[in-house]
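Below you'll find the structures, each written out as structure tokens.
Look for chain A in each of the two complexes below; its partner is chain B in the first and chain C in the second.
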Partner chain A sequence: MTIFQFALKRSFRNKTNLLFLTLFPVGAIFLPASEIWPFLPFGYHYFGVLILFVSIRLASIMLEDRVKGVVKRLAVAPISHLHYLWQNLLAYMVILLFQCALAVGGGVLYGQELYSPFALFCLFVTFSLTSLALALAWISLFRNKETSFLVFMSIVVLIALLGGLIMPIEMMPAVFERLAVIFPTYWLSSGMKWVALGGQTTDILLIHGMLLLYTVCFLIIGSIRKIA
Partner chain B sequence: MAKLARPSFYMGLWRIGSLFFLTVLWFIENGTKGTFVLVMLLAIMAALRWRVRLPSWTVLIDLCFCLLFSPFWMGSLYGLALPLVESLWRGRPYYCAPIPFIVFASEAATVHFVVFLLSAALFGAVVRHWQQQRTSFWREIDQERKARYELERLKIDLLQANSETAQMAELTERNRIARDLHDHLGHDLTGALLALQAYEQFQHGEQAEKMFAQVKKRLTRSTKRLRDTVHDMTPVALIGEQTIESITENFTYCPVSYQKSGNMDSVPVYLWSLLIPCLKEALTNVARHSDATKVAVHLDVTETIVRLSIQDNGTCSAQSKDGSGLRNLKIRARAAGGSLSVNRSSGYSIVCVLPIQERKEAR
Partner chain C sequence: MTNVLSTLRFTTLRLIRNWIVLLLLLGIPIVLITFFAIILGDSKTEAGMPYIQESTTLMVLAFQLFGGSIVMSYIHEDFFTERRFRIQSLPFSQTLYAFSISVLGTLFSIFLGGILVFYSFWVFNVEWGNIGWAVFVIALMALLSSIVCLIFTFAVKQFKVAERLSEVYGIGAIVLAGLFFPMPENAFFEFMGSYGNPLTLASAAIFEYQAGNVAEVWLNVSILLGAIIVAFFVMLALGRRRMG
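Take a look at the complex of A and B:
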């Protein structure tokens, strides 16, 4: 578990990372709620976007490893690429889990209307997995850390918009409304709607299932070992 | 761009293309949210196939996914193209045997659908054939390369064996000369010496005369045998440096100036067998390809190396390449531990440098 511990330490060493990882989730707790839309307080509604940003921030450490030649050195070390990958991902997932718990727990204590905090927590955890896998797949395409981060930011804004996180999906043209299903963010916003308004259990199972399917797909794509 | 020449690249394109097609179909046909799961499942299988080499039977999983979703969305049957192409590409067409039955049993058996599946099958078969051909070509190229390396190895071994044989022949010849001198000359000279010592004792008289005659006879015989032995050893054919001199003298195409320096006897026999063809090749090239009017040949022998330089004043292009004769000589020079270099900057010059330490080691 050396890589796991090291990945945790590295994630907190950077000051910008520290800001992302602690201040923003805490800030999200105190954002007010809207009267009509979104159904959840603003801080929680946009928490998915924050998770996406945090994921790419964390995963870009692995990109840094590739650029600096750490992956090349690991290739000759008595450790498999799979070990390196899962221990890093586990460390990042622990951080994201902690953030989700902090945001949801903090909200409950602060007295925000979260309807079903546990269901919301589960949804955020599943989405964290998806976003981490997406970030992993994304960085496997790039060599430059800055480029990958900047392009990913614009992609995040786009999929957040098309997925119905920034504005209600019902307001969009019918074509975009159907197209939204393709993006993982759509399933997050549906999940949050389900948490707020309630619904059938099969619906939330489908939402979690779809997010997990995205996770598996992106993990497979991102797990390729690229020795640059 | 090397990846463009690989069938696997086009298989990857096909996978992405068919998943995109399925998504578009789902979009056009207003598929439900639940049926989009099929696209995701097929995408996961395709990603797995791209990432690791899955067993061929896994196409049955894709097949089952398509079948499971067909009651909810007829368009899912178009997804059958994926397992169809995969199984054909792997050379396991029997895994897609249920597809015709599924197609004709379902209501989706339109002409478009059948043509779509047939074209997918054709693509799979073509890629499979291409892959097989490519593999067999690579195998053939590898075998050819291996054979070429073995031949080169053999050639070097033979050249080394040649030089070793020459050295062995020289040693054998030296042994024979030593034996001849010992067997014929040695006995007679020893006898003559003993007779001369006896002659000293007798000084005068009949015995002394007899001894003197014997010494004379033995010395005469020894001289004759020595002459015979030397005569036997002297080869009829020209050897070594004499050959070089003779070649330069007999060259009629243009005047050849020949200069030599050093002790020619210190050059081992096997090196002459390399220097002579080198000179012959150079002069042949002059006669056949060059417009030279004079050639200068230098043969320098030092304690450690022998250097043969052939320089002409012809005008040759710097781009001209070495022929097979020169290439062969270069390999032979390398095998002997030396080198052969060609310079085209002013006229045409061949310099062959060979080491002669090995002979000392052989002694």
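Take a look at the complex of A and C:
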């Protein structure tokens, strides 16, 4: 578990990361709630976007490894790529899990209206998995950390908009409403709607299932070893 | 002087070929404007202004908040990295060269803002009132953003921190303007959501111009101009200290 430990240490060493990993989730707890839409307080409604940013920042450590030739050295070391991959991902997932717990737990203590905190926590955890896998697939396309982060930032704004996080999906034209299902953010916003308004258990299972399906797809794309 | 003039062409080429800047300051806003125009259609605000007009104006101005990052990165590259030795050995005035980069970078940001204005005007009939005035306000925003970003570059030793500060400036202004979610109601947030925020000052200058409230227009523009002048002298002082 050496890689796991170092991945954790490296994640917290960067000062900007520290801000992303600690201050922002705590800040999210205290954001106000809206009267009509979104159903959840703003901090929780946009928490998915924060998860996406945190994931890319964490995963870009692996991009750094590739650029600096660490992956090349690991290839000759007596450790498999699978070990390197899962230990890194596990470390990032532990951090994200902690963040989700902090935000939801903090919200409950602060007295935010979260309807069903446990269901919301589960949704955020599943979305964290998807977002981490997406970040992994994303960084496999780039060789420059800054470029990958900047382009990802714009993509996040777009998928947040098209997935119904920035404005209700019902407001969009029929074509966009149908297209929205291809974005993971749509399933997150549907999940949050389910948490707030309630619904059948099968619905939320479908939402989790879809998010996990995305996770598997992105993991497959992202886990191909690239020695650049 | 002529030596610096000969570099203008290359600085322009550098600007035009910077595809990340083009993507972030032109591509993304065009997609967002298009998307909002399709969704919002003809719906109007309570004041009777079309939503698309309000959202497009705010979006174009908000993207100007990040325009300063162009000047910032070029000044950093040319004067604070290994390249500075090459620049210093060239037979021209360093100050003038730095000034030329800053001016061209700001003009490029205004140019991108101008494209957005014309795009929204021609394609979606967004009413800008007087387009010349809108471009003038955009120019003020671009100028302020460039100066503020240069202040960060000169004031902070680590460039990465300066970059993050420039993001805080941009995103902070958008958040304090209450565009993401409503701000708490107290004197500080009220000030930062009105006369203390470049984004609200600039948008008010455009909206009040359309409504014909000359006094309000001049009040907002004067505050913006005042901020630019003050920031300029701060930048000059910090720049002299850092470069000297």
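For this structure, a couple of remarks:
Just so we're on the same page, the second predicted complex is superposed on the first by the 228 of 228 C-alpha atoms of A that agree within 3 Å, B and C clash if a C-alpha of one lies under 4 Å from a C-alpha of the other, contacts with A are read in each partner's own complex, and residues count from 1 in each chain.
Everything below uses one rule, namely that a residue touches a chain if its C-beta (ideal position, glycine included) is under 8 Å from a C-beta of that chain, and two chains touch if they have at least 3 such contacts.
On a predicted model such as this, the values are computed, not experimentally measured, just so you know.
More residues of chain A lie in contact with C than with the other chain of the pair chain B and chain C. Touch criterion met: A:I224 reaches chain B, while chain C stays clear of it. Once the two complexes are laid over each other on the shared chain, residue contacts for A:Y214 go to chain B alone; chain C is not touched.
In the superposition on chain A, A:M1 makes contact with neither chain B nor chain C.
Contacts of A:V157 after superposition on the shared chain: chain C is touched, whereas chain B is not. Applying the stated contact rule after C-alpha superposition, one finds that A:L205 touches neither chain B nor chain C.
Contacts of A:L23 after superposition: neither chain B nor chain C is touched. Across the two superposed structures, the residue set of chain A contacted by chain B and also by chain C is empty. Residues of chain A that touch chain C in their complex: 15-16, 31-32, 34, 42, 46, 147, 150-151, 153-154, 157-158, 161-162, 167, 171-173, 176. Those residues of chain A whose C-beta lies close enough to touch chain B in the complex are 178-179, 181-182, 206, 209-210, 213-214, 216-217, 220-221, 223-224.
Those residues of chain B lying in contact with chain A across their complex are 23, 27, 30, 33-34, 36-37, 40-41, 43-44, 47-48, 50-51. Put simply, chain C touches chain A in their complex at residues 20, 23-24, 27-28, 31-32, 35, 38-39, 160-161, 164, 180-182, 184.
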